Structures are given as C-alpha cells and as structure tokens.
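Across the two complexes that follow, chain A remains constant while its partner is chain B and subsequently chain C.
And now, the complex of A and B:
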C-alpha cells in the first residue's frame, strides 16, 4: 500500500492524461458490453414481465406454435379433473395509428372464466357497464385499456378507438379503464383487453385460439398435469409454464447477444494492448524508481504486485465508468432493439425501462479488472526483473532485443502450422475456434517484427517526403518497436474487424440480392399486416378466391408462414403451393435435384429445408425430419436443401395442402401475384382496391416495395454491427493518441535537444504528425492482411453458430481503399494534441528529463 | 349399548332428519316448468348501480333441469341468452348466445367461484344442487324473518367440489321453504342470501325477491321475479342450442 502511494500515485498524478487514455479502452469495452447486454436484458425482461403480468395466476400454458388450434381443444382441457380453470387467449400486437403510441398489445380473453386467472381491476366506466363482463361480452366493440394508456391518449370511458380489423377499419369503445397494477404494466402499459370471440373476427383467426392458460386444482402436482396434458394433446402442443415463453424469446435475441459479446470482447482485447503498451512504457520510464525501491529492499514479488495492483485499480476505475456509460446508452439501444426484433421476427416488444442485472454489472467490473491485470502481467514481470544496479545507471533503456523478436517469430510460425492443421479438422467446433484463437495470437506475435519491417520499408518514402521530419519520425518507430507495437496491434485488430464485418455485410447484401431476384419474383404481394414479418392478422382462405376472380392475374401463390418449435428452437414453417412456386422459379439447390425435390414436396412426400436450417440443426439431405403439429408428428424425408434467407432461425418449406391438413389452418399471410403481360402493377393495384377497399384489411406491396423493405431490415441489422466498427476504430485511435503521448514523454529530452539546436516548432509538430501517420499506415497494412483471415473465420462463425447462412467470401476492396484516408485522417487528428504538447513544453525541463 | 354408541346413533338420526327436511323442501316446491320475468339490480359499494331485465324459462326435475335466460334490457345486452343444462352428478353446462357476434359460446364454468356477470352471485350459486351432493346436519332451531325455522348446515360430500366449505340454511317449519342462507369459505362468512316476499304462486311457495350480499366487497344484488308461472306447457326444443341460436 505504501509503495502504491509512494510510487504509483505520484506517477498517475504526473501522467493523468495518459492514465485516462489508457483506461479508455476498458471504459469503452465495458460500456459496450454493459450497454448492449443491458439493452438485450431490458427487452427480454420487458417480454418476461409482460408474460408474467399477463399470466396472472396461470400455471401452465398450452400452445401449438403460431398456428393456434381449434376451439374443441379447450373443452378437452377443461374436462380434466385436475384443471381448476382453463381459458383461451389470443394475443396480438396492433398498430393503433395513435400519435407517438406505436404498438399496443391486445390480449383477447374469455371474460366469463378469465377472472379466475387475472384481475381486471376497473376504475371507470359507464354506470351500466362498470364491472359488467356481460356488456363487455355482448358488445364486440368493447375494449379495456390501462390507466396509463388512457391518460397518454386522453381516453375516458366510452371513448372511441379505431382498429384496422380484418374486415376493414372498426371503431372500438373503451368500456373499462384498468387501475395501475401488475397486469397493466405489461407491454409498457400499452395493453388492451378485448373479448376473445370478437378478436377471432378482428384478427381473422377463424374458430381458433392462440393459447390456453390454465391453473390446476389445489394439491395437483404440476409436472404430472403437464405430462397428462402433453400425452392427451400430442406432440404438436407445447405445455409449459409461462416463464418458458421467455426462453423462446431469448432464443430469438440470442444472435444479438452473441454480437454484443463479440463487440465488447473485441473492444476489450484492443484495450488490452493499449494497457500493455502503457505499462510497458511506464516500466521503462520508472526503471530508476524501481531500482531505488529494489535497492532499499523491496522484493521482486512486491514490485510485480505493485504493478498488478496498479493495473487492477486502473481496470476497476475504467470498468466502473464503463458500467455507468453502458447503463446510459442502454436505454437508446433497447428502444432500437425492441423495434428491430419486431421487424425481423414479428415479436414486437416495448422496453419501457432499463433493467440491469447486478450479476452482469459485477461481471463487467470483473472483466475490466481481469483484462487490465492480464494486459499488465508481462510489463509487471519485466518490472520485477529489473536489475537495481543497471536501473540506477542513466540512459540504459531496455530495448526489444533481436533474440526476443526471433523467439516471437518462431512461436508464431509454430502456431501457424497448428492453425493449418486445424483447418482440416474444422468441423469440430473446439478445433475451429482454437484455430481462430491461435491465428490471432500468432498474428499478434508477428506484429512487432512486421511493424519493424514496414517501418524500415517506408523510411525512404518518408525521407523523400520530408527529409528531416520524415527521417526522425521513421527512426523513432524503428528504434522503439515496443512502444509502437501495442498501438499498431490495436489498430490492426480494429481494421481486421472492420474488414471482416464489411466483408460479411457485402457478402450478405450480395447473397440477399441474389436470393430476392430468384425468390421474390412476383409482381405484387398482398398482406394483412403492415409489417411482413408480423402475423397478427391473416386473410381467410376465401380471400384467395376473391383475388383469383380479378382479371389480369397470371398466377397466384398463397403463403402461410408460422413460427414453430423444432427441438425447442423457434423455426419458421412456410407453407406454399409448391407446384405453383416451382412453375415460376427454383430456389438455388444446395443438396438434391431441383425438379425432383419440388415435385416430392408438392406431392407432400418431402420437406424442403433452408441451408441455414440444415446447418443450425445438423439435418442432412434425404434424412427423415419430424415436425410436431397439432395433429401429431409429421415425419417426411428432406427432399432438398435450398438457399433461402427467409429466416435467421431456419426455414422448412411444405406444401400448403399438408399445412392445412396437419395444422387445420387454411388462413393466408401473403398472396404472391404474377400479372398478365398486358396489365401494369398500378392498374392491378387499382383493380384490387376497387374490389376490396373497405372490405378487408389489406396492404399491397410491389416487388420493389418488398425488396426495399428487406434491404431496410438488412440495413438495420448491419446498423447494429456498425456500432462495433465505431467502437473498434475509436479504441484504436485512443491507442494512437496514447502511444504518441508516451512517445513524446519518452523522447522529451530528444525533442528538447532538437529545439535547442534550432529545430522549428513546425518541424517538431510535423515529426509527430508523420510518426502518427506512419503508425496508422503500418496498422492499416497489417490490419488489411489480418482482415483476410478474420473474414474467413467470421463467415464460418456466422454459418456455424449465428444464422447458419453460408455467405460467399468476397474481400471488401472498396472498403479497404476507403479505410486509407479514414485511418490517416484519424491518426493525424490523434497527433494534434500530442504534437502541441511536444512543442509547448519547457525547454530546460525537457533537457533535464531522463 | 354404551353412551358413545347412543350419541353416535342419535347424531345419525339427526343427520338423517336434516337431509329429509331438505329433500321434503325440494319435493314440495318442485315444478315441471317455470317462467318469469326477472329484474336484476346490482348495488355496488361505490354507489354505481345497474339493472338488467330478463325472461326466464325452466323445465325438468330439480338438479336435472334445463333453463333458458334471455336478456331484454338494457340495450347493450338485449338478445343475449344463456342456456343452462343442470346435471345431477356434476356442474352444469352453459352456453351463451351473442346476437352482435351471431355466435354461441360455451361459458367456462370451471372456476365456479367467479362472480356471475358482475353480480354478487357466483356461478355456483345459480346451480341446482342435488341433495346427494352434500351432507346435512340439523344444528338447531332459530327464527328468521319472524318465522320458526330449522337451522341446517350442509357440507359438500367428499369428492364434490365447492367454493364453500359449509352453508347454513334456515328452512321455515310451516311451509318447508328456505328463507335464508349463509355461505362460508374456509370457515369465513362470504355471502348471505335472503328470500323475501314469499308467496304461494300456482300452488307453489315462491320467493318473489332474493337478495344476495357479498360480505367481502359489500355489494348487494337483488333479483325480483314478476309474472311468475309454474307448470305451464314449454316445448323441449326451447332448451336447445338451435333454439338459442335462433334467438327464440
């Protein structure tokens, strides 16, 4: 403690700016980790709270995926003696078109029995309807809203709200306002209750329910009842506690969680190099102090402990700021994440408040401390190894020895050999990730050597550009590779990340564009929802007949997609008239002959699965695949594997006839229209509107509309990943600033001598600027090379563990070219402060400095 | 014969008597059919009251009867109808017809302790319970509304579910007519039911007014019967889902 106060504190006070910069990596890394995970947790927690609060006294919930099930299932469940109460539920997220209110969750229940599970605590209402479920049921336009929602929208009892129902816009009457309670805080307070039978009509559900909520009689063992219900209903039904729904939602947002981990780990990894660099320099600078303390009797262990404690404190302070900053940004991220999940998966969720998990925050603090300690480990060991006699002799700086460099090269070569063999056994996940990890380590070990080579290589060019300043800057880099290598490594890693993400984005856009060209070739699409991923509203089967009767349609394909559980994973089942689909285009085949696979699928003799489904769940061509349906398990061979980007969790394509048969569901999500040659899209739009305007809820999308929408979603997805880029580049720039600050302090005497012998301030400035630019260029060159490998591993990771989508390897050359001015500019900006610091110092003090 | 045996034997006679009294009460007031026009007034503790009117038709033996209840006012509920099919051995089945939706729906009656459409009656209170579903015990004699009554306690038989662990009823000795009930859940008084304006209609003793008081929420519901008639010809078809759907 004494040593800490005597040596470390004095040093920190003297180099406050550098200390702050050193911490910046940790602050950012931890902030991103906390911000992104807290946002994810907030959305998840909001979902879980909504589920919990809506669940009320519900002990078990019965579902059959998104397709719902027939009303008769309810009677079978109610007939069980152990079931105290079982009530049907329909849940839908609806856009109310009310200013600044966005979506509202409509919970449709059977009020006659539902009060046994949920408490609808009304506080206002017409005299004749107060607490009167009979009027509520008798009038299908009845709606109950929360006090919060009513206040926000100026609603009182008997106020009218217009909902876009399946049969056109419909006016609903507020017949109850619920007091603030657990239930009303579900979905951020944007909750409305309506009668379930009215909801069947409004949402086009036919005579189906989404879910049954139930409570058991007193003394019933829930697991036993769960088994009994599962056995009675069959494999197509899920019987779970309400909390299990949170797990499904979690599965959907898991990709985002993984992204958050990658981003923060990368930021911390880069931050680690900055800390390493700072500590390495600090040890060099404080050699004489270390020597004195050692001469006075301090042990090697005490010196090492001193530096490690210093780094731990630094890590703790940095991580604490990171946690605070992370919590600040979490609110903004959670709002966009909520919308994003709604857009991609059709499961909109409002996160009204940020929910932070103490374990996450503690973990983040620990992560910051551990990162800092690891980064300081080698410099601390070097400090402990300082010889007191040598340390007290002026001018004996430690340099990176040739032997040290050679050893690094040898280790790197050995690692590359191991990595090469890992590629042959990359099917194994552990070997694959080990290969990636070893590649990074080997690359980083080579950085000092390559940086030195590159410094020497660019020296002539720098000398040519600015004979004095260029030479001084290049020599500074060549003479102190240890000082530079940390910043170069950090920058190279950032660039590699940028390249891998850029490559992924490019490959994704290329693949999605190609897929859209083939799969989304109809002229028009008709949907019942504004958002194509939302399936709250569906057309009845008769809608197809109405459309068919409109002249000018060459071909029509009816689509019904629903998210279902496959081995606990929420996958997408797309039912479509496969013969009609095949008549227009084949999705690119990954396994199986296109004509045969489409024929078998159309005959109901096989499934078509997407490539990512096959990847994520290890399903192979021709294997038997079992999907649970409300009418039992449907087992068919995989007739073919196709390239399909419909869903990140994987897609199973089956013929519409099979879906109707096994799911008892003939509703339609999307109608795909191919027009006759003699009719234009606007003409057809007019004909459809003329026939159906005001009769049904309808959204007409042109081919271009839909493609633009998909590109918008893709943009949103990569918008999230661009946060990674910003963080990585920011940390790297901080690294350059740190390195230059260290470099200036380090060379204070040298710069002082230069000025003393007549160097102009402008020359000193330019020297620093050129040094920064050189660091930027070297980091960029190494990063671009490293990016080639990182891109390969990123694509593999995406295919294996993130989305299962196989994307083509395309190096983003244009992005690489664009990075040159960005990095040079950033390096130059990073150098401005340190350069001024170099020329404004006291000359006498500088000449005294050692 | 030991003293204990005498006590047990006497208790058995008393128990038998209580059941016989209840059976006799049910037998005396039995009718093949029933029809009336009802007024249902709900007096909420917050002062906001409501009133509904309905037509009621009933046919069949007590405990196995069928009943049809059709609301005539207010406007919001006009045409809503409820078909109740009572069973001797289990809870009744109920269906509701909603004219606005043009569909019938089964009423989930699993949680029979739930309030009946915002009144102070629970669904269970509306059921006709067969005498064999409960055990009865004569616990004394006590006047109610100035009339001498038997005070009888009923408890659900083992395996028969009820929200009440006991119900105490007062049955007038002179006409075997129940005039007051106290319902207990977990030994706490939760509801009281008073039969008022007891008159003989078409030879059957009847209460033209019933008042249910919810002890916990302090609400009260009054059901008044008008144009009450018994043993009139009612077609069986009236008590079917088809008839319910037709809105007859």
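And now, the complex of A and C:
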C-alpha cells in the first residue's frame, strides 16, 4: 500500500491524461454492457411487471399460442372441481391515435367473474358502473382507463374515444377511471379495460379467447392441477404460471442480448489492448524506478503485486464510471429496444422506467477489474523480472526483441495449423468456436511483425511525400513496434468487426431483396394493422369473399400467421393457400423439389420449413415434424426446405385448410392481391375503399410500401448493430491517442531537436499527424485482411446460432474503400491533441529530457 | 551580430531562481567567444536565450539586428533556422536517421530541392571528414564522429551564428581537441560568429574573447 502511494500514485499524477485514456476503454466497454443489458432487463421487467400486475390473483394461465382457442374450452376448464375461478381474457396493444402515448394495452375481460381475480379500484362516482358488472357489460361501448392515462390524454368520465374496429369505427365511452394501484401500473399505466365480448368484435377474434386466467380452490396442489389441465386440453395448450410468460419474451429478445454481449465484450477486448499497451510502456519507462525499489529490497512478488494492484484500481475506477454512464444511456436504449421488438416480433412493450439489477452492476464492476488485471498480467510479470543492476544503467527505450518477435510468429504459425484442422471438424460447435478464437489470437500475435513490415514498406512513400515529417513518423513506428502494436491491434480488430458486420449487412440486403422479389410479388397487401408484424386485429374469413367480389383481381391469397411454441421456441407458423402461392412463384428451394414440395404441402401431406428453422432446430428434409395444436399434435414430414426471411426465429409454412382444421382459426392477417393487367394499383385501392370504407378496419399497402417497410426493419436491425461499430471505432481512436501521447513523451527530445534545428510548429504537428495516419493505414490494412476471416466466421455464427439464415459470402469492397477516409480522418482527430502537446512543450526541457 | 540589453531570466517555482540578472552584452560578427562560469551561473540559459530556444523574463535580445521580443514562435524558429546553428553536448542526433539524413534535416525543413540538399549534405560531411560514413546510423559512430555529424548539421545552411553548448564535454580529451580544432577551422573558413559554452579552461582560453558569468551576471569580459 505504501509502495502504491509512493510510486504508483506519483506516476499516475505525472501521466494523468494517459491514465484517463487507458481507463476510457474499460469505461466504454462496461458502459455498453451495463447500458444494453439494463435496457434489455428494463424492457423484460416491464413486460414481467405488466404480466404480474394484470395477473392479479391468477395462479395459472392457459394459452394456445397466438391463435387463441374456442369459447367452449372455458366451460371445460370451469367444470373442473379444483378450479375456483376461471375467466377468459383477450389482450391487445392498440394505437388510439391520442395526443399522448398512442399505444395502449387493452385488457378485455368478462366483468361478471373477473373481479374474483383482479381488483379494479375505481375512483369515487365511477364505482356504480362496476358494482353491477351487468351495467358495464350491458353497455358494450364501456371502457375503463387508468388515472395516469386519463390525465395524460385529458379524459374524464363519459369521454368518447373512437377506435377503428374490425367491424368499422366504434366509439367507446370512458365509464370508469381506475385509481393508481398495482393493476394500473401495468404497461406503464397505459391500460384500458373493456368487455371481452365487445373485444371479440373489435379485434376480429370471432368466438375465441386469447387466454384463460384461473385460480384454484384452496388446498389444491398447483402442479397437480397444471398436469390435469394439460392432460385434458392436449399438447396444443400451454398451462403455466403467469411468470413463465416472461421466458417467451426473453426468448424473443435473446438475439438482442447476445448482440449486447458481443458489443461490450468486443469493447472490453479492445480496451484490454489499450491497458496492456499502457502497462507495457509504463514498465519500460519505469525500469530505473523499479530497479531502485528492487535494489532497496522490494521482492519480485511485491513489484508484480504493485502493478496488478494498480491495474485493479484502474479497472475498478473505470468500471465504476462505466456503470454510471451505462445507467445514463440505458433509458434511451430501452425506449428504442421496446419499439424495435414491437416492429420485428410484433410484441409491443414499453419500459417506463429503467430497472437495474445489482447483480448485473456488480458483475460489470468485476468484469472491468478482471479485464484490467488480465491485461496488466504480462507487463506486471515483466516488471517483476527487471534486473536491478541493468535497470539502474542508463539505457534506451526497450524494444521488442527479435527473439520475442520470432517466438510470436512461431506460436501464430502453430495456431494457424490448428485452425486449419479445426475447419475440417467445424460442424462441432466447440471446435468451430475454438477455431475462431485461435484465429483471433494467432492474428493478434502476428500484428507486431506485420505492423513492422508495413511500417518499413510505407517509409519510402512517406519520405517521398514529406521528407522530414514522413521519415520521422515512419521511423517512430519502426523503432517502437511494441508502442504501436497495441493501437494497431485494437484498430485492426475494430475494422475486422466493421467488415464482418458490413459484409453481413450487405449479404442480408442482397438476400432479402432477392427474397422480396420472389416472395413478395403481389401488387397489393391488405392488413388489419398498421404494422405488418402486429397481429392484434384480424379479418374474419368472410373478408376474403368480400374482396373476391371486387372486379379486377386476378388472384388472391389469404394468409394467417401466428407465433406458436415449437419445443419452447416462439416460431412463426404461416398458413396460406399453398396451391395459389405455387401458382405465382416458388420460394428458392434449399432441399427438395419445388413442384413436389408445394404439391404435398397444398394437399396437407407435408410442411414447408424455412432454412433458418431447419438450421436453428436441427430439422432435416423428409424428417417428421410435430407441431402441437389446440386439436392435438400435427405430425407431417418436411416436404421441403425453402429460403425464407419472414422471421428470425424460423418459419413453418402450412396450408390454410390444415391451419383452420387444427387451430379452429379461419381469421386472416394479410390478403395478398394480384391484379388484372388492365387495372392499376390506385384504381384498385379506390375500388376497395369504396366497397369497405367505414365497414372495417383496413390498411392497404402497395408492393413498394411493404418492401420499404421490410427494408426499414432491416435498417433498424443493422442500425442497432452499428452501435458496435461506433463503440469499436471510438475505442480504437482512444488507442491511437494513447499511443501518440506515449510516442511524443518518448520522443520529446527528438521533437525538441527538430524544433531546435528549425522545424516550424506546423512541421512538428505534421510529423505527429503522419504518424497517426500511418498507424491508421497499417491498422486498416491488417483489419481489412482480418475482416475476410471474421466475415466468414460471422456468417457461420449467424447461420448456426443467431438467425439460422445462411447468407452468401460477399466481401464489402465499397465499405472497405469507405473506411479509408473514415480511419484517416479518425486518426487525424486522434492526433490533434497530442500534436498540440508536442509543439507547446518547453524546448529547453525537451532538449535536456532523458 | 548579437546584442543583449538588460536581459534577465527568472524561473518561478516554490522559490524564485534568477538565472540571469540584467546582462548587457555585444558580440560582433565573426567573433569567437567562450562563455565560462561555474555550474548554475547562467551560461546555458544565456545560450538558450540567444538561440531563441527560450525567452527572457526582461530585456531585449537582437540577432543580426532583429529584435526577438514580441515575435511569435514560428518567426523565432525562422530566425533560428536561418541564422543559428546549434552544437549540443549530447549531440542530439536523431537515432533513426543516417548521417546524411541528419545533416539534411534542417535543409529539408527549409524546403530545399532534394538534389541541392544532397550536394550540401555530402559537402558538409566531407568538410568534417566523414564522407566515408554517409549511410551510417549515429549508434554506429564514435562520440567524436557523432559530434562531427552534429557540427555538419549545425553548419548546414552556413548560419552566421554558431552556438555550442559544451561541445567537448562528452568526449575524451584527444577527441575534444580535434573537435575544437575543427570548430576553429570552420570559424576561420566560414567567418561565422561562434559562441562556446564550456567548463574546459583550455577551450575557453583558446578563444579570442572570454566572458565569465557568476550568479547570472557577467563578471569578466576579456579579449586577447
């Protein structure tokens, strides 16, 4: 402790800027980790809270995926002797187009029995409505809202709200305002209660419920009741406690969670290089100081402990700031994440407040400290190994020895051989990821050597461009590869990440565009919701007949898609008239003959599955696939695997007839229209609106509208991943600043001489700028090469463990070209501060500096 | 050529140190002057002020008629690079540059054409008898050779003023004598004004004019 105060603290005080920059990597990494995970947890906790608050006294909930189930199920459940109360529920998130927060969670219940489970605490004067539930039910336009929502939107008792319902616009009357209580805090307070039978009409549910909430009689063992219900209802039904619903939501946001981990780990990994670099340099700079302390009796262990304690303190301070920043950015991220999950999966959620988990924060602190200590481990060992006699002799800056470099090259070569063999056994997940890890390590081991080669290679060009500044800049890099290699490694890793993401984005856009060209070829799409991924509102089956009667339609395809559980995973089941689909186009086949697979599927003799479904759940062509439905388990062979990008969790295509038969659901989400040649899209839109205006809730999308929407969602997805790029590039810039700060300290005398013999300030600045640009270009060159490999592994990872989608390998050349000015610009920005520092110093002191 | 009028230099810290105290000095063109005095007498400070490496706290310095007070750093650098050559005790050669490149450095900074730089650098290295060491790095040279490269660099633009801070201080006596002979020869050939800071009595006495400093003041100014 005394050593820490006497030696380390003095050094830190003297190199405060460098210490701050070294810490910045940890701050950023931890901030991203805390920010993204806290946001994820906040959204998840908001969802769980909503489920929990709405559940009230509910002990078990019965669902059958999104398709819902028939009313008669309720009677069967209510008939069980152990069930004290069982009530039906419809839940939907709708946009009311009100002045405040538009989205509101509508909870539709049967008021006669529901008060046995939920407590509707109404404000004085409104209670009369609910005292006699029949009054509420007798007036099907009744609506109850929360005090918060009423205040935010200027609603009072008897206010009117118009809602575009499936049977035309409906005006609802606010007949109750609920006091703030547990229930009203669900969905951030944006909650409305309506009668379930009114809701069936509003949302086009037919005579179906989404869910049954129930409570058992006193003394009943819940697991036993759960088993009893499951056995009675069959595999198509889920009987779970309300808290279990959070797991499904978690499954949907798992990709995001994985992304958050990758981003923050990457930032920390890069931050680790900056710390390693700083400590390695500090050890060489403090050799004489270490020598003195050793000569005075400090043991090797004490020296090592001194450096490790320094790094741990640095890590702890950095991680603490990281936690603070993370919490600050979490609310912003959670808002966009809520929207994002809504857009992609149709699961709307809003996190009104950021909820932080102390375990997460503690883990983040620990992560910062551990990262820092690991990074400082090798330099600390080197410090412990310093020979006091040699250290006390005056010597120049310690350079990377040829022997050390050779050893690195030999280890890297050995690792590359192992990686090569890993490729042959890449189907094994552990071997595959080990191969990737070893590639990264081998690449990083080679960085100093390659950076040295490149520095020597660009010296003539730099000398030609600026004989003095260029030469000195290149020589600075050649002289101290150890000083440079940390920043170059960090930059190269960042660029490799940019390239792999850019390549994935490009491949995704190419594939999605190609898929849209084939799969989304109708001229128009009719939906009941503004957002195509939202399935709250559905058309009744009769809607198809109404549309069919409009002249000018060449072909019509009715689609009903629903998210259902397959082995606990929320996958997408798309039911469509497959013969009509096949008549227009075949989705590209991955396995199986197109004509045969479509024929079998249309006849109800097989499933078509998307390649990502096959990949994610290990389902093979011709294998039997079982899907649980409300009418029992549906088992059919996989008639074909097709390339389809409808859903990240995988898609099962099934003929509409089969869906109606097994799910008792003939509602429609989307109507796909192909027009006759003699009619234009605007003309058809006019005809549809003329026929249906005011009769039903309807959104008409043109082919272009839908494609733009899908591209927008894709943009959002990649927009989120670009946070990674920003973080990576920022950390790399910090690395360059750090390196240059050290470089000008090391070269203080050299820069002083330069000024003494006549270099103007501008010329000294240019030397630093050129050094930064050279680091940037070397990092870019290595990063672009490394990106080739990283892209391969990223595409494999995406296919194996993220979305299951196989994308073609396309190196993003245009992005690589675009990175050149970005990195050179970033390097120049990074050099501004150090360059000023270089010209502002005292010249006399610089010339005397040792 | 060099004119100092009431020049003082103070270093402010916990305790103020007066390095130079109202020094008046006139050195004419072509003179060869030694500057002597005990450690801390202000010799190097005086040299740094004349060379424009530092600025006085008070007083005026004129170099070839140009008043240094009030000019910005770049203008000061221009005066330094056009009129002054420096020779340091520890040579201060750039370790990564060859002898030829070290000598060429000030010429590149002035933006001379490459061919002219090459000719001048070779000529100067030949003058200091190092034409067989053109591509050597400083670490491959002896102390005397390094100082000769530093002298060649200081002379690269044939500056009218040559400032040498203990030029023989880091050399053995034989090499020191060789270097001093070289400086003297160059002085007579190039007619530059030479100011040498030294502890060495022999070096000091070999100069036609000797100035002694003590506690920041001129205590002796003697011409032979």
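Side notes on the structure shown:
Just so it is clear, the second predicted complex is superposed on the first by the 838 of 850 C-alpha atoms of A that agree within 3 Å, B and C clash if a C-alpha of one lies under 4 Å from a C-alpha of the other, contacts with A are read in each partner's own complex, and residues count from 1 in each chain.
Just so we're on the same page, contacts are C-beta pairs under 8 Å (C-beta built on N, C-alpha and C of every residue); 3 or more make two chains touch, one makes a residue touch a chain.
Model, not experiment: these values are computed from the prediction.
Of the two partner chains placed by the overlay, neither chain B nor chain C lies in contact with A:438. After overlaying the two complexes on the shared chain, residue contacts for A:75 are found with chain B alone; chain C is out of touch. In the overlay built on the shared chain, the residue A:198 is in contact with chain B alone; chain C does not reach it.
When the two complexes are overlaid on their common chain A, residue A:319 makes contact with neither chain B nor chain C.
Using the contact criterion defined above for the overlaid structures, shared-chain residue A:280 touches neither chain B nor chain C, since it reaches no partner.
Of the two partner chains placed by the overlay, neither chain B nor chain C lies in contact with A:24. After overlaying the two complexes on the shared chain, residue contacts for A:761 are found with chain C alone; chain B is out of touch.
On chain A, the surface touched by chain B in one complex and the surface touched by chain C in the other have no residue in common. By the touch rule above, chain A contacts chain B in their complex via residues 74-75, 78, 83-87, 110, 112-113, 115-116, 127-135, 137-140, 197-198, 201, 217.
Of all residues in chain B, only 44, 46, 48-50, 52, 71, 74, 76-77, 80, 96, 98-101, 103, 105-111, 113-115, 117-118, 161 touch chain A in the complex they form. Those residues of chain A lying in contact with chain C across their complex are 396, 467-468, 471-472, 475-476, 478-479, 749-750, 752-763, 839, 842-844, 847. By the touch rule above, chain C contacts chain A in their complex via residues 48, 51, 53-54, 73-74, 77-78, 80-82, 86, 88, 92-97, 101, 104-106, 108-110, 114, 153.
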